[in-house]
Amino acid sequence: MKVGFVGLGIMGQGMATQLIKAGHEVWVWNRSPRAMEPLVAQGAHAAADLGSLLAGVEVVHSMLANDQAVRQVWLNDTALAGLRGKIHVNHATISIELVRELATAHAAQQAGYVAAPVFGRPDVAAAGRLNILVAGAPEAVALVRPLLEVMSAKVWPFGDVPERASITKIAGNLMLASAIGSMAEASTLTRAYGVSAADFLDVMTRTLFAAPAYQGYGKMIAEDHYQPAGFAMSLGYKDVGLGLAAASAEKVPMPIAGVLRDALLEALAAGDGELDWAALAKVAAARAHLQDRRKS
Amino acid sequence: MKVGFVGLGIMGQGMATQLIKAGHEVWVWNRSPRAMEPLVAQGAHAAADLGSLLAGVEVVHSMLANDQAVRQVWLNDTALAGLRGKIHVNHATISIELVRELATAHAAQQAGYVAAPVFGRPDVAAAGRLNILVAGAPEAVALVRPLLEVMSAKVWPFGDVPERASITKIAGNLMLASAIGSMAEASTLTRAYGVSAADFLDVMTRTLFAAPAYQGYGKMIAEDHYQPAGFAMSLGYKDVGLGLAAASAEKVPMPIAGVLRDALLEALAAGDGELDWAALAKVAAARAHLQDRRKS
Amino acid sequence: MKVGFVGLGIMGQGMATQLIKAGHEVWVWNRSPRAMEPLVAQGAHAAADLGSLLAGVEVVHSMLANDQAVRQVWLNDTALAGLRGKIHVNHATISIELVRELATAHAAQQAGYVAAPVFGRPDVAAAGRLNILVAGAPEAVALVRPLLEVMSAKVWPFGDVPERASITKIAGNLMLASAIGSMAEASTLTRAYGVSAADFLDVMTRTLFAAPAYQGYGKMIAEDHYQPAGFAMSLGYKDVGLGLAAASAEKVPMPIAGVLRDALLEALAAGDGELDWAALAKVAAARAHLQDRRKS
Amino acid sequence: MKVGFVGLGIMGQGMATQLIKAGHEVWVWNRSPRAMEPLVAQGAHAAADLGSLLAGVEVVHSMLANDQAVRQVWLNDTALAGLRGKIHVNHATISIELVRELATAHAAQQAGYVAAPVFGRPDVAAAGRLNILVAGAPEAVALVRPLLEVMSAKVWPFGDVPERASITKIAGNLMLASAIGSMAEASTLTRAYGVSAADFLDVMTRTLFAAPAYQGYGKMIAEDHYQPAGFAMSLGYKDVGLGLAAASAEKVPMPIAGVLRDALLEALAAGDGELDWAALAKVAAARAHLQDRRKS
């Protein structure tokens, strides 16, 4: 199939690569053109601009950073006109409000909007082992599903309303934030009693919490080392914000998310926006003034 | 070895059974004598009272329900005198304050106090597959370690200060409560958008959160079914209380634990104290008034 | 002076009336024209549209409901062009983000932007006894200050940066929300012990908390009667949202505001958006399941 | 009347003085005898010990620091026997749990237990202008009411169940803590926008919040000066703890109190236990890292 891919950051690179490997004719476009080079080297075609990319494909994937980037690339007359009669598979984690705007704008162009947010870090994307949540009109989803399968360990269908895939991703990220926040608090408690975070989290992440989410972030907390960031505090703050905005729109109280919001803000205020969000453990330790104690 | 076991609830049954199977001469005692029968049938000796049990053993294990039961059985002159020169292995999850009192009272009798709290449900105890945290004087721990090993998948040493094993258990329970609270909140959010808790938690507990703690409680939340309780709300409230008391004693702010405390209290106020603590999902759903909505 | 007044809701009515009484030539405009009638009856001139109003005045006041209304009326080329060389006194409680946009847009037209949010209910506005916070360019503030004085018990200057008056109003509203939330929680506690909210709040609001903010809302809570709303729950939710957004922009953790947000959301989810926000006491009582108890 | 007064700290001094001035025969006793001297100088009689004090009076007031002191002085066989047939007026702010124990123990001696907690600082006590909450058996309350009146601006009756006066005091203290916490958060927000705490709180405490509770603590926050403590952070932590314990006993979720608990703990962890609890503003400012900013 002739497939477009827009947004070639580190995640997009890995995902587009899978499409090429699977034998599709992949057209790529990225605001900064250098990012296209590695894909062209693997057989992709570089489009001169978004318009010409859209002209030549049936399906276009995009993996952009946030609401702002998605708005800028897609919510304008040229881009929307270019999508007429085509299917857009949006992998970005964006606000429910924007999903709704996009779905409406696509429908007005008889374009299909498929929400397909992903779970997985860049190395997982590069290995074609993402978990992809998908929702959209049944025919559109049926058409793009083989494309999603080449990028993923598993595709998880969430029906025909795009925002349902999006809310699942957003809620999943809240669970991740909670897991980190919980390790941060609990390990601060044990440290105050002389049990190191490493010893405590070693037990937990090898028994009851023997899961990727805990093991990866738990290791950072155990080592008190948060760079390079796998997922930056500032992005974590943005994602918890998407959760709280979605909760607000449908009137769902979320007190744990509220606590996490404040802890993330405190990290940003401390100038730690570029650290991995596992550094929530630094916030918990600072509040307990652990550094002023003799123990641990 | 001649070993005593006091406190033959459903956990104690499974644990004492392992000691018998391993060939030890096991003496049991329980306030309600009927609980001794199944163990006697397996070869244990029933003691007439705690004093006579203590007179005949080197090491005594106890697995009592809470601070109150532990105080009643152990913090009196007779029991403490009976412990003189022996080792007491306390498996109960109790307050740090009580651990400190016990350690002092045992020391005054030249008795060894070994804290050995466990992770695992009754079925895990029955299978001899618990995870046991242990801390106490090195010689005492060395002596009892083979006994712990027959009950456990793994023994995790936490040094020579008993409260360090205890705080690790307490902090681990806070992580469990947080995991449940997090699933409760996040699945309430997805439900408000038309994604069932079952569909949402299916993805999460098979990917990022593929761990026992999430899978067991996640299943209850997915099915909205909280009886029979594996671990009752009222016990969860007690355990979060142990965490907050320990945090208070060492001045550790724990906002997530505070949020969980309020949700557990709300469940108790609703009369749901006997449900499994996974029913925190009911609290989250009630706050969002999900039952009054058309969706999900 | 020739003065315009835009936005003639119940607050605007009272405020514009003071300007008329003080002898100014007041031109009014309102989207729904009927609201102009009572003012015309008092001597105001009704403008045909915003453009013609702006053409004839030096200073224009506006008192619109929220960000959306302010954006719609003022952030368009016609309105902004009409403001050229004039001074706009904005009394609405709006987001800091919008204040910044407005200040920039006004500056581009050599128009003066004066932020002048107010404290006071409609009856206070009608009596010309508001407390008005004011900030903006010194000459502009000096020019409009006499106009503010006729509407107010006191004018409180906050310097030359408009957003400083705005943040003061927003922070003041957070204090109001906290006061209500605090009475809600505390009176739920006393009720659980058999002391009615009326008896409890009677002591408090006649001693330590003998202040308007507590007496007015305290009376509603004591009587458990929240209609008609002096300030609706939905507006309270909006205002706490302004506070949290401002906190986010400058990275200020606000855990009490976060708790209030969730309680307000819970009230909205319960369908109580039209009640006075003193009905936060209903939320607190529902969480404690007070209605299922014998006491109080 | 022959009246005893036990517990002559700075509050007790002022209160006992009023009884002497009113012409009663006042017998005093205090663990540290020097505290009796100023009262003896005013005409009081110093008792050799608690027993001889009790032997000579009909009514005994006590104003002790906390649960521990009250337990030590009153919950022993000698003291209780000495109370037989007499009335004990307890002014201390103590836990509901202890109130219940005391009421039971007094009843067993046919002694009357009157709970009479007070609102007011030492200077207010010295001026005989306290607000006193009172609850207990009607005859007992009737008998002691004239004594309370000489110490107070007003006596507030709360019926015949002693704990109802106690819970009212505890809930009132939670409202005070909330008021401080709210000023702390809100003034941190305005400071982040360049509005000083002094300018912000000046408006608030002279308008909507023109009440003693806000003006006293607001002044400390405005001046960022928390010594000498009128009411120390460590006592504030204790009192919020009484509130949370009472809430727990009757299953009342109190999320604002939970937030305050964590902020108070953070202050204690920072070593600020001896500062006035208005220093919650320091905690809020530290979380926002205000000291690292250029503004305010």
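Per-chain residue numbering starts at 1, and chain names A, B, C and D are given in the order in which the chains are listed.
Basically, contacts are C-beta pairs under 8 Å (C-beta built on N, C-alpha and C of every residue); 3 or more make two chains touch, one makes a residue touch a chain.
Quick caveat: nothing in here was measured; it's all calculated off a predicted structure.
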Subunit D reached from subunit B - shortest hop count over touching chains: 1
Of C-D and A-D, pair with higher C-beta contact tally: C-D
Centroid comparison with subunit C (C-alpha atoms), farthest chain: B
Where subunit A and subunit C are represented by their mean Cα positions, the distance between them in whole Å: 38
Chain centre separation (subunit C, subunit D; CA means) in Å: 37
Gap in Å, rounded to a whole number, between the CA centres of subunit D and subunit A: 52
Numbers and ranges of subunit C residues touching at least 2 other chains: 247, 251-255, 259, 262-263, 266, 269, 287-289
Partner subunit A, residues of subunit C touching it in the complex: 241, 247-248, 251-255, 258-259, 261-263, 265-266, 268-269
List of subunit B residues in touch with subunit A within their complex: 96, 119, 131, 133, 154, 156, 158-159, 161, 163-164, 167-168, 170-172, 174-176, 178-179, 181-183, 185-190, 192-195, 199-200, 202-204, 207-214, 243, 246-247, 250-257, 259, 262-263, 284, 287-289
Contact set on subunit D toward subunit A in their complex: 255, 262, 266, 269-271, 287-289, 292
